[in-house]
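Each of the two complexes below includes chain A, the first together with chain B, the second together with chain C.
So, the complex of A and B:
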């Protein structure tokens, strides 16, 4: 998990036309795509909208010059969390359909409905595309740029300061975790070494986690002291300088927003279906 | 009137751990003061009293002749800047620029002034090129400079550095020495620093306080402190290598005058060997 954080950062530090875009542009596009997808009614038109959006995402991803494997790995890492919720929809009735056709009957009165499968698939499409845009945003935007972008877009100062510190210390603890891991390795400790007693391994892992907690607490105390030394108070905020979007960023943003808005509207009005 | 003065300052940590006993400390204007002592001597605890982070259990701390109160805390913290030993405790913003801006923001300055102060502070410590970088990509020395810049940006008149050379490579230590000296000479600041590296002290201090077990056991100029090897040994410190060597040479019949810094020792030895008049 922590190593993944460093990997995401490494990808975000690469260079491409998408990486070079101002964070605000990428945030706006990602959120516009998510809102547009969520706003599409629960009907089969989502498949047409979804495939067009997915092509749009693929074009953007190709421009990032990042490997599709990176995208696939990240998407697969997240999908199981939601996948279970989506999977269970096939057994449940929902308010979007009036009639239900049983496809398969299981013991204990559990049925799988054709309409529920369709609903689950609609959810899956919405979810995959929303996640894809989030992966695009996180893989091409440094965390601090994202925070600056969000601040410039009106994120409250209190949140920005707290998030800024969280980002900073996420990496500090990432490095601390690495060091502790290296120390354990230096002392030939492997949590999966079956030659060591199970209880002993558990105990050592407990000590390690405990150490991390104590260190976090101590670090928090020291950081707060140094914040006070620099005049921290209720009015503190994260300093973000004003920055105007460049002409090409405006052009890209407006074109993308028009596209994202127009696609669902056109599909809805014209009832075009690619399937 | 002294910039900082403590009178019979005592501090007891929760759990009845006595950390400071009757500390009488004076920091005049434009001075370079070293507080030396072994680990746990109370140096960091003393420093935290200088800007009101710790409140004395008894005794008093006066800054510009005034006691520290709730009303003047902000002003005091602007006046006395503290740089802690571990820069990771002090760098909390996601970028260098934002971190250095943290202090000026808290002083309620306008964005133009903040921008100016940030870039001026980064220039003073020689890291203007790091403004947009993230702290976890910096080396230990660079982080230390960022931490110092963060305090310098508040334009304090007294800079307190807790173990400034800890974890720095020789070049980093040399750069830091030059920087500390320039703060006093060029900007007229008072610099107070703690260390247990006695070799560093003659290069960057005019006056020394020796601490042990929460007490000031000696104070004086570099010459006054380093002619007391027994006292230094009793507090787990030692005389720096240069005066120690020159003293030994003298005791063995070499005519050489006493020196404490590298430059002074070089001159003394060259003169002793007849290479310089």
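So, the complex of A and C:
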């Protein structure tokens, strides 16, 4: 995950219409899309809502001028773990259906149900599109900008300070993680090497993690001391300059929010189905 | 264990958010009152460290791997379950917003599971076991194992309440997987605490001053 951090930040440093948008606009649109998708009931109407939202996402992604491969790689890194849980849904009954039709019977009394397959698809569509909006947000917004955006949107000052400090040092520890890994490789240590006793491998990893813990604590102490030297105190907070949204950002934000809200409502009222 | 968006209905997600926010507020109060006044930056930097050490792949078996959650480790070393709540809240926010690991609407549930339940179970198991056995390795191992297992069971219960996974199958699957991962988490936590108590005993705030726990 830590390796991905550098790649994501590199993508966020690129330039495009979407990259240049204020972080608040992107946060609001991504969160609104996710909330709207999750708020849609577990029913087949999600297929229509989902495809419209996904087209919206694709248009936004095209505007980022980032390669679709970047999106695909990031999505594929996230999807498999919960994809397995979604896949298992096809064998299970759930409370959202009253009757179940067996599509296929397997040994040991295991059945695949038509309704369960439908439910698995519903979950999959919701999950993948929610992930897509998170990928869009993080691939086009620098971490620091995201924090400033969140602060301007009302994130409590103490939390903004803590999160800001954490974000700043994520990269320091990212490099530290790389160095420690390189050191372990130099010593020919491989945690997955079956020739080494299992207990020895866990012990070495435990010591490595302990070392990292001490180093991060000591880094924290140094940061804290240097902040005290610069006058940091209980009343200190992260200064975030006030910044008004530009006219085109307001226009884009309001249009997007209306679209995100209207699509599920219209689909629900009119019962339109694209499938 | 990071429940993603879509696996919990929006209204249940909102309830978990409200509960989590209460604990986050208490953790903020703890950071202000108990951490020698303004040591908030120290905890924040430590959170970045925990985030990085979660990246170490730990061998489980048959080529599979897991990673440390670190809630029990943070709570034991810093001497409060709120340390785990605070640190894991920061870590989970970054994981959800940056990597999509865990969701936005399910962030409250994830904070409750890994931060609140993991932190409290880890800390109080350690305290109780230390009182009973006077042995750091045994206490830290059991604490870390339970801090990995119990949140996973809570996760299974939440998914059952959401109607997205049956209870029995969920408890069995999550219990077995995290029971195994928890053993690794236990060993690694013991080794990490051993190293920290040897190298920097002043950091440990749970009364453990020697590696054996005396």
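Criterion: the second predicted complex is superposed on the first by the 233 of 275 C-alpha atoms of A that agree within 3 Å, B and C clash if a C-alpha of one lies under 4 Å from a C-alpha of the other, contacts with A are read in each partner's own complex, and residues count from 1 in each chain.
Simple rule for what comes next: contacts are C-beta pairs under 8 Å (C-beta built on N, C-alpha and C of every residue); 3 or more make two chains touch, one makes a residue touch a chain.
A quick note: this is a predicted structure, and the numbers were derived from the prediction, not measured.
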Partner, of chain C and chain B, that touches more residues belonging to chain A: C
Partner chain(s) touched by A:144 [first = chain B, second = chain C, both, neither]: first
First (chain B), second (chain C), both or neither touched by A:227: both
Touching partner for A:242 - first (chain B), second (chain C), both, neither: first
First (chain B), second (chain C), both or neither touched by A:211: second
Which superposed partner A:35 touches (first chain B, second chain C, both, neither): second
Touching partner for A:165 - first (chain B), second (chain C), both, neither: both
Which superposed partner A:68 touches (first chain B, second chain C, both, neither): neither
Contact residues of chain A, present in both the chain B and the chain C interface: 143, 164-165, 167-169, 172, 174, 219, 223, 227-228, 232-233, 236
Footprint of chain C on chain A - complex, ascending: 1-5, 8, 31, 34-35, 37-39, 42, 74, 78, 82, 85, 89, 92-96, 123, 126-127, 130-131, 134-135, 137-138, 143, 146, 156, 158-159, 161-170, 172-174, 176-177, 191-192, 198-199, 201-203, 205-217, 219-221, 223-224, 227-228, 232-234, 236
In the complex, chain C residues that touch chain A: 4-10, 13, 28, 31-32, 37-59, 63, 65, 68, 73, 77, 86, 90, 93-101, 103-105, 163-166, 169, 184, 187-196, 199-200, 203
Residue numbers on chain A that touch chain B, as the complex places them: 142-144, 147, 164-165, 167-169, 171-172, 174-175, 219, 222-223, 225-233, 235-242
Contact set on chain B toward chain A in their complex: 48, 51, 53, 74, 77-78, 81-82, 84, 86, 88-95, 97-98, 101-108, 111, 114-115, 118, 134-136, 150-151, 154
